[in-house]
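Input: structures, listed below.
Next, two complexes with chain A in common: one pairs it with chain B, the other with chain C.
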Partner chain A sequence: MSGAAAGMGEGVTGRLSRRGRWLSFLTKLGVFVMLMLLWHAVTVTEIVSPFFLPQPGAVMTVFWRILSSGRAWPDVSVTFFEFAVAGPLAVVTGIFGGYLISMTRYSTIVLEPVVSSLYAIPIIIFYPISIMALGIGPESKIAHGALFGFFPICLNTIQGFSGVDAIYLRMARSTGATKAQLLRRILIPAAAPTILNGVRLGLMLCFLAIIGGETIASLEGLGHRIVWYAEGMQMTNMFAYIVFVILIAAVMNICLSLLELRRRGA
Partner chain B sequence: MGTPDGTHEHLVRVEDVSHRFPAPEGGKDVLALDAVNMEIKHGEMVSFIGPSGCGKSTLLNVIGGMISPTSGAALVNGQAVSGPLPKQIAYIFQESALLPWASVLDNIKVGLEFQGVLKEERESVASAALRAVGLEAFATSYPHQLSGGMKQRVALARALSLRTDILLMDEPFAALDEQTRMIFGEDLSRLLASERKTIILVTHSLAEAVLLSDRIFVFTSRPGRIKAVLTIDEPHPRTPAFMTSQRFSALRNELYDLLRDEVLAAIGKDRQGLS
Partner chain C sequence: MSATGARLPPPWVARLCVIICLLILWEVLGRMGTALFFSPFSKVVMTGHQIFFDAEVRQALLTTGWVLALAFALSLILGLVLGLAIAMSKFTYQTFLPVLLLLYAIPQITILPLFVLYFGTGPASKIAFGVSHGLFPVAVSVIAGVQGIKPILLTSAASMGATRGQIFRRITLPYLVPSLFTGMRLASTAALLGVLLAELYASAGGVGHFTRRFSETFQPDKLYALIGALALMAIALNEATRRLERRFSKWR
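== the complex of A and B ==
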């Protein structure tokens, strides 16, 4: 008798008391401060040459300057535009594709391994082709960002929908649920945590692919600017732009985590 | 054969029901039920008891319209069952089947929504059902905050809220510890005495069968046939006094004698199957 734990996505982990949440926040802040201090220490003592790694204070000064002067805006807006197109494209195609595949048991068994094996290919090897086909502008970055993001979202959607406990389906069937009611009341809420996890991972990969694509071949965008400064040996400027990318990734991560918490009905 | 008020004397009839399951790996099909017949009256409380794999749950699902039998038919109110009958039949499953993302009250309301009850009525019907099982204080709780026994009471409330004539229970106590299940059994007996529902209970527990049933259908080992029908002539609600009486023990022993050979046969068969 496999009794009690039929609950899915009940993830109570990460649910802390008020005091626990404070401690957890302070710990995270502590780790961040330690890293900054370490950075400062190795640069001040010149263990690492300031030529490769400028002091954090200098980087922050430059960061503030490019932020307040608006000098970063052209590159930021290009990267943002690429992500704003590629991200939603990956989410919509991934969820829709995953839903279609999960609709029958047969297509799930046959096609899920196909999608998984495609996911295992290092997609970056196709980047030269998309440069040739779509050019060096934003189109090739959008294509790659969307492709990178598609796979984890599609796979998690398949897993989410096909993993719904049969007992809920029996309950719904015996009480006369229509197809639409089944989808809205049982399948979507049961699959949502798994799908959201995929969306989170997919959007991260999408952003990574866009920045990566810009560093390889581009004329604009944050990734391009970082490589450009690196090639010009302007390390402080380069690090200021790296801070930009890290901040964007962090903000994105926080937004997606909040979304997941809300879904869980915390 | 109708009664004067137009209803059928027997609410549930099972006519020559046989059912085969396809063998999992190309072997021989498994005959789970072999030409079973029975009649269950309005307001009657019956149990199906028998060794594992005797087809008692299969028969329950045939009556509930969740499985169509290989041959024969189940009839509810004189109509052959061809699919789920949400207006007439409610289920309680082995696991509570509560949705973990919905509150206790919403879990009851979702059943009403599926059944087609109007939105305005759902809240009051669901609250009343929750009151009936004594859990109104937990309306806004979530399933993971409840004990196993409480979850099963919510599942009972959901089934009661559907206001069906028939309640099918598929080992509803299986996941509960013994003390909890006996208390739940007493509560059930009291509730059902006031609700006048027709109930079919699939169980492994001799004590539960004797405590709750008007009649007990004893199944043979596979393929499932009815070996004997035991009548428990004791009014509902049944009290703790009945449970400790000599008659209770005598009935329980009688049931055990009927079952023992079948259980031995079922175990023996499985052993052969292994070698």
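== the complex of A and C ==
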């Protein structure tokens, strides 16, 4: 570790040397290639039973088939329908609730700890209640997803609005700004980055909560399909669907992050 | 806060009122719905609490408790080791941090069935799934802690002839404590989520099993009592770790 001694003075975030950067890149690539080769080797030689771990090539083939044949469509449409209802619900209630709470300093002091304590509860424990009350269909997933997404959005909205510098507000008021102007010109622009960060987090959590709800108890949807293949011991199909869902989540995350970045740049 | 005014009650009184209002709301809504699915607050307190005298339920709470404790301890140890290994040098930091963040970004819930296939339906799969949730926050916090050490401290220590071991013991470790506590708080909630998810998905013992049983046999009072107890435990755990975190980060 000669790099360690050299880098000591500037901590771990300093720039690597040219050779170091190359080595770093090669190592990253190497780790990935080695893992793939290892996966391939243990499955081809059947050191690990194909019942436990399918071959990577087979998984990729099935994955392409899922993409090209559109056979995942029924599950995708169910999951996305649930998300399309639960996501906006979480955003609207979260922002509105957060705005109401942060209207005055006093209500923020009183209510913020209540909301953040509730956020500490793993919301998944309420899922049996929503199954019981709303049934095993999409309704219970929508309720669960919306509840999961609500908290980070609400908390970030509170943080965003209450974190606005008092000087801006005083200045706007002293120059005779109306309430609406205050909201549009000062509060919203100042709070937007924090709120958008909460929206991104909330929407991701909402999506994952829906998948989780489908995994635990459902008759349809992407989460259910993974479990369905797992219980049928169709490992190749299961892995392909896992890759599919992970990719959807990654694409969503990237899109939401881009939205956030663009807003910040504007 | 001067803005609270003279006539407003202190915040904790108002907070208590809000909580009481929420409980009243629960009472009213619980009475409006059918008794098959809903249970008002009073009934949950009056009859639901009996489950805690049931030996089986106690056993389940105990099982979930030790599974969570083990998952938390493992997350802490593995996360600390992993975090320190990655933050060991510039090279390891810039090479393996992206790998760690990539793994962190994978939604674990999608691979929950794999955990059950590999580790069975016993406690092992719950512990493993809990660790998969708790490990990353600890590692990331530890790395962030090392990252935040002022370079000048390291330079001055090195220039005074401190060895690597001394630097680690005297600078890195003390500086790590606050972020380690942040990681612990995040990990405790994450591990709890992981353990409960795995228990709800497939389990023969533990709390998840009983929530399933109570909901399938339509005993909402018992279900709500169990969930209420879990929620209180989660809030207490979070509050305790948050206090510890605040206490240990004061010195900085």
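The working rule: the second predicted complex is superposed on the first by the 214 of 266 C-alpha atoms of A that agree within 3 Å, B and C clash if a C-alpha of one lies under 4 Å from a C-alpha of the other, contacts with A are read in each partner's own complex, and residues count from 1 in each chain.
Quick note on the criterion: a residue touches a chain if its C-beta (ideal position, glycine included) is under 8 Å from a C-beta of that chain, and two chains touch if they have at least 3 such contacts.
The structure displayed is predicted, hence computed values, not measured ones.
Visitor: Would you sort A:Ala146 into first (chain B), second (chain C), both or neither based on which partner it touches?
Guide: neither
Visitor: Quick check on the superposed pair: does A:Gln181 touch chain B, chain C, both, or neither? Answer first, second, both or neither.
Guide: first
Visitor: Taking the superposition on A as described, I'd like to know which of chain B and chain C A:Leu89 touches: first, second, both or neither.
Guide: It touches nothing on chain B or chain C.
Visitor: By residue count, is chain A touched more by chain B or by chain C?
Guide: Touching more residues of chain A than the other partner does is C.
Visitor: Figure out whether A:Tyr127 sits in contact with chain B (first) or chain C (second), or with both, or with neither.
Guide: In the superposed model, A:Tyr127 contacts chain C only, not chain B.
Visitor: Which holds for A:Ala172: it touches chain B only (first), chain C only (second), both, or neither?
Guide: first
Visitor: Go through the superposed model and pick first if A:Ala250 touches only chain B, second if only chain C, both, or neither.
Guide: Second partner only.
Visitor: Once the shared chain is lined up, is A:Pro189 touching chain B (first), chain C (second), both, or neither of them?
Guide: The first partner, chain B, only.
Visitor: Do chain B and chain C land on any of the same chain A residues, and which?
Guide: 1, 3-4, 7-10, 12
Visitor: Mind listing the chain A positions that touch chain B in their complex?
Guide: Touch list, chain A to chain B: 1-4, 6-10, 12, 167-168, 170-178, 181, 185-186, 189-190, 265.
Visitor: Under the stated contact criterion, what part of chain B meets chain A in this complex?
Guide: That would be residues 64, 66, 84, 86-87, 89-91, 93-97, 99-102, 110-111, 113-116, 142-144, 148, 162, 174-175 of chain B.
Visitor: Sort out for me which residues of chain C touch chain A in the complex.
Guide: 1, 3-5, 8, 11, 14-15, 18-19, 33, 37-38, 87-91, 93-95, 98-99, 105-107, 109-114, 116-118, 146-147, 149, 151, 154-155, 158, 164, 167, 189, 192-193, 196-197, 200-201, 211-212, 214-215, 218, 220, 223-224, 227, 230-231, 234-235, 237-239
Visitor: Once bound in the complex, which stretches of chain A touch chain C?
Guide: Those in contact with chain C are residues 1, 3-4, 7-14, 16, 20-21, 23-24, 27-28, 31, 52, 104-106, 109-111, 113-114, 117-118, 120-122, 124-129, 131-133, 208, 211-212, 215-216, 223, 226-227, 230-231, 238, 242, 245-246, 249-250, 253.
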